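Here the chain labels run A, B and C in written order, and each chain numbers its own residues starting at 1.
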Amino acid sequence: MVESKSSWKAWLYLSPALVLLLIFTVWPIINTVRMAFLENYSGLEAIGGRSFSIGIANFTKVISYKKFLDCLKTTVLLCVITVPVSSILALLIAVCLNSIKPLSRMLQTIFFLPYVTNSIAIGMVFAAMFNIIGNNIGSENEIITTAGIINNIIEFFGGHAVNWINAGSTYAANMTVMIIYIVWNALPFKILILLGGLQSINKQYYEAAKVDGTSRKRIFARITVPLLSPMIAYVVITGFIGGFKEYSSIVGVFGKTMGPAGADKRLNTMVGYIYDSLSLNRQGLASAAALILFAIILLVTLVNLYVSKKKVHY
Amino acid sequence: MKIDENITMHQQDMQKVSVRQKVVKILVQVALYAFLILMAIIVLFPFYWMINSSLKTLDEYRLSVPTFWPHVVMWENYVNAFNTANLGRLFFNTMYVGIVSTILSLVITVLSAFAFARLEFKGKNILFAGLLATMMIPGELFTITNYGTVSAWGWLDSYRVLIVPFLVSVFYIYLLRQNFLQIPNELYLAAKVDGTSDLKYLWKVMIPLALPTLISITILKMMGAWNSYVWPNLVTRKEKYRLITNGLRNAFTETTGDVNYPQQMAAVALVSIPLFLVFIFLRKYIMKGVSRSGIKG
Amino acid sequence: MKKRCFVLMLLFLMTLVFAGCGKKKAMPNFEVPEGGYDGSAVTITFYHTMGTNLRTVLTSYIEEFNKIYPNITVVEEQVGSYDDVRTTISTEITEGNQPNIAYCYPDHVALYNLAGAVATLDNLINSTEKDGDGILGLTQEQKDDFIEGYYAEGQQFGDGLMYTLPFSKSTEVLYYNKTFFEANGLTVPKTWDEMEALCKKIKSIDPNSIPLGYDSSANWFITMCEQLGSPYTSAEGDHYLFNNKTNRDFVKKYREWYKNGYVTTQDIYGSYTSGLFVSTDTVKSYMSIGSSAGATHQRPTKVDGAYPFEVGIATIPQVNPEKPKVISQGPSVCIFKKENPQEVVASWLLVKYLTTSTEFQAEFSIASGYVPVLKSVMENEVFASHLAKGDGGDYIAALSTKICMEQESAYYTSPAFNGSSTARDQVNALLNKAFTTDGDDIDKVIEKIFKDAIEECEYNG
């Protein structure tokens, strides 16, 4: 009954969004597919009068790249670790913020501040915190100007300074820094979303629980999480989509070399590969890589959606 | 006697329990605050760094060992930032583009999210999955095609070229849909029975309930206008249409092509102040949440 | 029969077209219209990366230019960084919206040339069409006035044609702690061998120091190729030629320097090497090789109104001091093709005005710290008195410019093609990697690093 009547209405409501999407999103995607199947396509060379044959050479060239698997590995690792960690932390912070009285205004304001912090500043501060400035680190001729705040703290507690991001550092150390950075970077957004979601939960549920004398833990597990589950699902799914497109955070810490000195591109990701191709005006390669990335994210998202359909309480 | 003893013992027990409960409660509170304050410090660090850098001389900024407070506090950076870039014009443009695109975007997002959350129609799930899929392709690939489109329409150097291409965000439609889904469907069906029209229901029930999320979207959208760089730099050449990031980044390039970061940071901090005030103001609405009791869940 | 005739005709036509194409490659792509600039009203845009102070200089000279050519409206625009200029223009070309003139580096031009978008300057330079009291092209005197190394950069694209004119330039110079050198009786090294001995000596005087900081690993590698006369890249044929014995040997030698603690690079050090040089803490360097345009960063901060030490500037060490080689950097300008040839001619007039005006070059150099591209600037009074003031303190920028002007015959540029920036990135990474990688058989390690770099270049190129 509701269905037949609301069908045309639904399309009416959706029409402004769909028209704009067709022009500014769907059309570029079609164009991306076209470029992906034109072998070695370059927009500038096309203007210069070169023609391109149709084929799958772009795809084979992407896959045959020696470091393709490395790019994929870094991308997946970062994604699989940072999304759950940042989501859980953000959930905890949001719930805590929501349940305190004194100081709550001040703390909320503080958690808003990252939004007005320039993104360049965020990258700079990270480099400064983990950067060991010096020469011949780890050898007999070692000279260290400064070991960075994080190492100062580690040494203060009696630990050994770690070479996090500099020449001679390990992949594991690099990844640790990236994971901390990405989680940190993602937190404010997730807190904001989850806080908004928490506020949409009717207070009466909590009041009822209070009357029943339900414990905090139980309230959290039985009321907060289920009622907030649509927002949690959102945070996780978009987190994965964003995570697979990780690039700028790595540039933020390591610069355009995407790795410590002496190990360029060690932390390169799929999107990093796409950027490199675009900067040499090889849109064919970039498009093919984007479609491969698309296929991967699509698969993950389908799994996510399937899981959330079972677990999310609507 | 025995019974009395028992009673007193029981009372003591009770007291003990309540004392323990109190202690636990206080401990929980302390842990809570400790956790929040620690996280707050971590989250705040870049903000502090921005202010710290904005007050340094370029020479001090380039030192090997970063200083935690400038040796010489350079308030001049702020004065220079204010004088160098045409801040007034840039600020106006950014506000204009930000506000117009936020309002239009909110309307489109609300309508679409409503359709996806509450209406039934053929192909809904496929369409929704399709929309989600568009988020998965890196947006940088769209730039050239979209540039071709707006150029063919003669839209270069205008406000609309800064606003229209980014009005729809699947990201926000999805977010709001999720929020709408948090609202029990029974409310909608009840309204249907009462003969309330969709739009009225949307306006009277859904929007107030989803207000915190709508405000989050507003903030994110405004910040988008504040931070966008690549697209505005490509499609606007005239000073008249320049946005804040373009003006800021470009004004402080040193002769060697390096950026004078301290001055740039000062400029960023300067233009963030009004934004910050707006956020403080909006925060109240997010935190107020849905305290209205007229709506039954 | 008819069909066959038709096919033959077609084949014949096709050969003609192909022959035309083949020839066209080496032919200038812009013909100067009869009569040169006809005085018509045109608007030309100029994309650059200048900061506010330099824009003031530029606009004042555009005003002067407009006194001669009142109908040419010049719109100068600050587009951001060099990267921003490149991405913006390469997108704009696809819609024919590119500017008329742009600040460029050689690899940008190679990129724009994929679309054939850059106008060759040969016919304009050689044009004898009348223009005002003089000619449209460059007089022999004007051509000779350009510093050769800078001028030659315009022809580095493999086809012998001229695509750019130098605008303002910089190079690398050796900054040294003059106070320390004088106190210890050290002399400034002229060759790399002297440099090695000196580093060893400094290390014995101050074991806590890193004697030399080299800002750019890429420049070091490329400059060594040039000084040793060994191949680096080529604009035609096989692009990537840097994997050879000579190059592997010098990399191995400098790796030893690094291991001995003589030298560091900006990437390895993890911060500005100039910051290390100006440092007054225990860890510092006494020499720093960096951009001549960044001289002010190589000067320590005043303490109680005086500089803690005096800075000296010299030519970087050489393989053969008789035949010095130093890299040429800094922006050139290119002109884009347009449907209306008058726009191209008008753009040329502005480019010619700015690059051949002694006054503009002098003033721009003083304001920016960059090196002027004309020899005659030395005769400019304002400029000469500016250079005369040059010292290791307040007027360090002038001293740096002075050193650069004295080595005018030493400038070289490397070939430019789409992918030349990849080669640059790869040799940069290569040097850092060779320094910081250990192994039992170091020759094998270095060989592998070279091989990987070449592979990476070829994949991208």
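In the analysis below, contacts are C-beta pairs under 8 Å (C-beta built on N, C-alpha and C of every residue); 3 or more make two chains touch, one makes a residue touch a chain.
A quick note: this is a predicted structure, and the numbers were derived from the prediction, not measured.
Here the chain at the heart of the shown protein, by mean C-alpha position, is A. Among the other chains, the CA centroid farthest from that of chain A is the one of C.
Chain pairs B-C and A-B differ in how many C-beta pairs they share in contact, with the greater number at A-B. Computed from the mean C-alpha positions, the centre of chain A lies at a distance of 37 Å from the centre of chain C. Our note on geometry: chain B versus chain C, Cα centroid distance of 42 Å, whole angstroms. The geometric centre of chain A is 16 Å away from that of chain B, both derived from CA atoms.
Those residues of chain B in touch with two or more other chains are numbered 64-65, 144. Residue positions of chain A with contacts to 2 or more other chains are 43, 133, 145.
Under the contact definition stated at the top, the residues of chain C that touch 2 or more other chains are 87, 94, 269, 271, 276, 279, 281, 283.
Residues of chain A touching chain C in their complex: 42-49, 65-66, 131-136, 139, 141, 143-145, 166-168, 257, 261-265, 276, 279-281. Note for the complex: chain A touches chain B at residues 2-3, 6-7, 9-11, 13-14, 16-17, 20-21, 23-29, 31-32, 43, 89, 92-93, 96-97, 99-100, 103-105, 107-122, 124-126, 128-129, 133, 145-146, 184, 187-189, 192-193, 195-205, 216, 227-228, 230-231, 233-234, 237-238, 241, 244-245, 271, 274-275, 278, 283, 286-287, 290-291, 293-294, 297-298, 301, 305, 314. Against chain A, in their complex, chain C makes its touches with residues 87, 90, 93-94, 111-117, 208, 210, 258-261, 264-265, 267-271, 276, 279, 281, 283, 418-419, 422, 425, 428-429, 432-433, 435-437, 455, 459-460.
The touching residues of chain B, counted against chain C in their complex, run 57-60, 62-65, 84, 143-144, 147-148, 151-152, 156, 230, 233-234, 237, 246, 249-260.
Interface residues of chain C facing chain B in the complex, by the touch rule stated above, are 45, 49-54, 75, 77-82, 84, 87-88, 91-92, 94-95, 97, 170, 269, 271-272, 274-276, 278-279, 281, 283, 291, 293-294, 297, 301, 367-370.
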